[in-house]
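Each of the next two complexes has chain A plus one more chain, namely chain B in the first and chain C in the second.
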Partner chain A sequence: MNVTFPHRALPWLLLLPQLAVTAIFFLWPAEKAVEQAFYQEDAFGLSREFVGLENFIDLLTDPYYYESIVVTLIFSFSVAFLGIAVALALAIMANRVIKAQLFYQTLLIWPYAVAPALAGVIWWIMFDPSIGPVAQWLKFWGIQWNHYLNSTDAMILVVIAATWKQISYNFLFFLAGLQAVPKSLIEAAAIDGASPIKRFWTIVFPLLSPTTFFLLVVNLVYAFFDTFGIIDATTGGGPGQSTKIMVYKVFDDGFIGLDLGSSAAQSVILMGIVGIMTVIQFRFIERKVQY
Partner chain B sequence: MIENRPWLTVLSHIILLLGVCAVALPIWIALVASTHTPEAFVQGVIPLWFGDHGAETWGKVLFSAAGNGVDVPVWFMMMNSLIMALAIAFGKIAISIISAYAIVFFRFPMRSLCFWIIFMTLMLPVEVRIMPTYQVISDLSLLNSYTGLALPLIASATATFLFRQSFLTIPGELVEAARIDGAGPWRFFFDILLPMSRTNIAALFVILFIYGWNQYLWPLLITTDDAYFTLVMSIKRMVSVADGAIEWNSVMATTMLAMLPPVIVVVGMQKLFVKGLVDSEK
Partner chain C sequence: MAEVILKEVGKTYPNGFNAIPAVDLHIADGEFIVLVGPSGCGKSTLLRMVAGLESITSGELTINGTVMNKKEPADRDIAMVFQNYALYPHMTVFNNMAYGLKNRGVDKATILKKVNSVGDMLGLEELLDRKPKQLSGGQRQRVAMGRAMVRDPQVFLFDEPLSNLDAKLRVQMRVEIRQLQRKLGTTTLYVTHDQVEAMTLADRLVVLNKGNAEQIGTPLELYERPATPFVAAFIGSPSMNLLDAKVADGVLSIGANIRLATDLSFNKNVVWGIRPEHLECLPESAPNEDADFILTVQAVESLGAETLIYGTLEGVETIVVVRLSGPHSPELGSQMKLKAPSAKWHLFDASTQQRL
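Right, the complex of A and B next:
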């Protein structure tokens, strides 16, 4: 944009609301988090002392923190992988049935609107050991299900709930990606006698790889930060530490454990991770524009 | 269709229908569960077909106090959720459209610094900096208020980016023509820019309404007064009782009511929703 309005004060006036909200609710808390990460505060906030990097050192030597990292990685990659695989399969099928496409799309996208906490609760009732139909069905096949006591079961439960919510999002992006694949390429391959499966793996899938990579990053960010409600409403991080993802631990240590220094140090680490992921996402988008 | 393979088309429909069923199954169970009496669950598994206590449960949940420390009924919390969702949606759209306008159509010192400050907020979801943000709200004595519920969630770089991208595609000739015709910045904004951004605003509104309605952790932390409880967060209170004492029928009716408004918005405004979703990620 070369043509602009010659005003000096007006742009500041227009920017003021957003800058004010950003400063008060983003920069100030972020600065507070960084500051607190270097202090040890008692639970009542009466006194505090500067401890340098001690909070970070404590964290990095804390086996619970490592467990939380491992749990987060298992959870996020399971959600991302499952969500992408299921959505891709559904999108490929939906791309084949042109006439009924909108019908299926409508019936597949609505879970996006369901709050994570609610998704957690309805999957909990499905899998509840005493009343859940799925738990009963598993019992019929000789599998004892109890996500209250068994950590693997608890992890599977939160992964299913989180994936269920994310399929709609991935589906829409894959469908858009599939529709952008040039028909002429597919036709040429079909004339050369390539089967639908071969055409998918040699033409469609490689052309979809930018979409897939983009969705991988978005899904990981989603699993890292937006699934708090699922964990809190269903397992509460338990049994033991088995579903305590890092975002949940920040909350748990800060508000329940009242260990402000440690919670702040974890916030700072998480901010670093979000920063890195945002940069990856943006670099990727820049690259896609040049395609 | 490249070639005619009827079996493949049939297979596609089967897989899609399976997908649709798998996605809808939990809602079916939740709906069925809400039509039975609490006693039905004591005896064993949730029945797979509707009971005849649906109207009773839904009526009770909607109009009488939710219980377990929540003294307000569901319709009241729905109003709170609605106020919060609308405040977030309108607030975000309003402040981000004017700040994008300032960044694109004006030249002033520190313009790119302002842009970067806004950009940084992309990296700070509220869950990550939850403790210090809570302290800030408490310092400003905004706990238990609509302002406290909505304001911290209003600043977001995504909406500003979306408007910035679309403003950048507006040809300079249009601005020039408007200026020659004597239109000042305000007139240009209201008579040209706003009408041009109608679809973008509507698409963004759909996404932000869902975002606002579905907030969970933030209202959970900053409201201790029933008068400000939102519906999604109240679920946590309803299931935080001893195992076996959970009134699943009421919980499920509440869950259905809590997901209904955003689901209606998504299905009813599907086109705008898809546009908003795809645009706000680019």
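Right, the complex of A and C next:
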């Protein structure tokens, strides 16, 4: 669509507020981070020294950084997989409910409105080894739960907390996707002799694949970059390095460890990852997964 | 090949709505039955009940002697062609047709042979690798039929399969469906709201009205001896002229002014009908006494081969249609002298709506 403006400056003037926000809150800090990544700064921020690629070299030879990458991958794929699977199951069930459908759907969407830190705290209390009801219940069944000491427990806790918050979002998309599958296709498959389970896997699930792929990318991005609050409120990256995802490590190294140079270098790497994921999202979602 | 028997088959929805009170229908092996009626008459519901997609709440459905009421659609050995074709969009034409066979555990070689032979029969050889969205409407229609045929079912069910096609293609597919059904000899139940489609395809027609079978018979039987005014109005295009009338003492009176002599001996209120093509137009010079009634022309539709003239009779509200062959161009507002030969009359009891 081509719109003709009476004056050449007008379109720029109309864009100005958004451009200003982008420049001040996104481009400028990003530029600062890139700059910072090439300097070594003292802990008080009084002086700094140009070190070239040393921050990156340090980072890429640091086993802790690789550990963080592995933790991030385990965390992100667990969250994405679990979130998609549970949301799909819930959407299928909610789609079958005939009475009070709206009521169920509303309840299932609510967790999305909970702040990440709060979501973290809720699950942290539930699983607290001394007062948490879930931990007590696990103990009753003979399972020792302690996310303060056990790395696996800690990882499970942050995955559950992060997934719980994302399920609502996935659920909405799946529900819409399920409702878009024509009923006559299911009926045709029934006449063609497919059992309900087979109908789901051979007809419904393939038709949902664009939705599923979209959600996979969105959930990975969420787990990568949007779960800081949950980690901070539950495990704080611990015990040890076991739940320190890359985003959390940026904060931890920069503001707790006061190694601003390394923190900035990590940010630059994360920016690169965001860029790649955005490209994947835009390139493939529209084209690749189609029928 | 199968015989399908519906014995007082009925459907009442959980909310108490009685969609289909009780339909009796005996479909002989290889017969082509068309269910026809206006929208909302329950024809699709009845078809879906035979398919097993809707439950049967009363009566009994048997296919080849087996009671099917509680059987799953897959176990009834039927195949259905849907109005929107319901092709699986993510599968190729081949896989669309093979899906039902695969689900039934047919071996690969047989599937390949069957799909290819049906593909050949329907002219789909070149399209087997395509996805449904790469096909035209007529091709999709063929694939949907191929999917039904490839399983070699006992019964074909068609749910308004041609309503999404353009007029020309519809006529072409209509002929093809009829030829294929004759060739395969498969018992067929076909739903449509289009009476031309119904008349041309059917061995026998079932005219449904509010879930009741108003009349079951061959197309010509229904045309020549409609059992009720509803059937009379539904079958034939343009519709039969139906007017409220009264028979008393050997005179049939319509409105205040029209009196026709008759040899009917009873006295009662009737619905009097005559088809537009059975009304005869007298020359202008004919004396008024020869005409049964005078029509005041209100609209003329010239179709070339025939002309439809719409007008009113003196003292009657209902518009009357006359169908004349060849071109005619009476002036609007002019008067036409018409004769209604009594051999072509249709009379229905006004209170019971039954044919007299």
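The rule we apply is simple: the second predicted complex is superposed on the first by the 281 of 291 C-alpha atoms of A that agree within 3 Å, B and C clash if a C-alpha of one lies under 4 Å from a C-alpha of the other, contacts with A are read in each partner's own complex, and residues count from 1 in each chain.
We adopt the following convention: a contact is a pair of C-beta atoms (placed from the backbone, for glycine too) under 8 Å apart; a residue touches a chain by one contact, two chains touch by 3 or more.
Because the structure is predicted, anything quoted here is derived from the model rather than measured.
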Check your understanding: Overlaying the two complexes on chain A, which is it for chain B and chain C: clash or fit?
Key -> fit
Revision key, fill the gap. Between chain B and chain C, more residues of chain A are touched by B
Practice item. Identify the partner contact of A:Val247: answer first if only chain B is touched, second if only chain C is, both if each is, neither if none is. Key: first
Practice item. Please work out whether A:Ile156 is in contact with chain B alone, chain C alone, both, or neither, and reply first, second, both or neither. Key: neither
Review point. Thinking of the overlay built on chain A, is A:Glu187 touched by chain B (first), by chain C (second), by both, or by neither?
Key: both
Practice item. Could you look at A:Val218 and tell me whether it touches chain B, chain C, both or neither (first, second, both, neither)? Key: first
Practice item. Quick one: classify A:Ile280 as touching chain B (first), chain C (second), both or neither. Key: neither
Check your understanding: Should A:Ile74 be classified as contacting the first partner (chain B), the second (chain C), both, or neither?
Key -> neither
Practice item. In the overlay, answer first, second, both or neither for which of chain B and chain C A:Ile203 touches. Key: second
Review point. Tell me, in angstrom, the smallest C-alpha to C-alpha distance between chain B and chain C in the overlaid model?
Key: 5
Exercise for review: Jot down the residues of chain A that show up as touching in both complexes, chain B in one and chain C in the other.
Suggested key: 187, 190
Check your understanding: Within the complex, which stretch of chain B touches chain A?
Key -> 1-3, 5, 8-9, 11-13, 15-16, 19-20, 23-27, 29-30, 33, 41, 44-46, 48, 94-96, 98-99, 101-108, 111, 114, 117-118, 120-125, 127-136, 140, 151-152, 154-155, 160, 167-168, 170, 172-173, 175-176, 179, 184-185, 188, 210, 213-214, 216-217, 220-221, 232-233, 235-236, 239, 243-244, 248, 251-252, 255, 258-259, 262-263, 265-267, 270, 273-274, 277-278, 281-282
Review point. Which residues, counting only chain A, touch chain C once they are in their complex?
Key: 182, 184-185, 187-194, 198, 202-203, 206-207, 209, 291
Point to revise | Residue ranges of chain C touching chain A (in the complex, touch as defined) | key: 51-53, 72-74, 78-80, 82-84, 86, 88-90, 99-100, 103-104, 131, 133, 147, 151
**Study point:** chain A - residues contacting chain B, complex
**Key:** 1-5, 7-8, 10-12, 14-15, 17-19, 21-30, 32-33, 36, 86, 89-90, 93-94, 96-98, 100, 104-118, 121-126, 130-133, 136, 148, 164, 167-169, 172-173, 176, 183, 186-187, 190, 196, 214, 218, 225-226, 228-229, 232-233, 247, 250-251, 254-255, 260, 263-264, 267, 270-271, 274-275, 278, 285
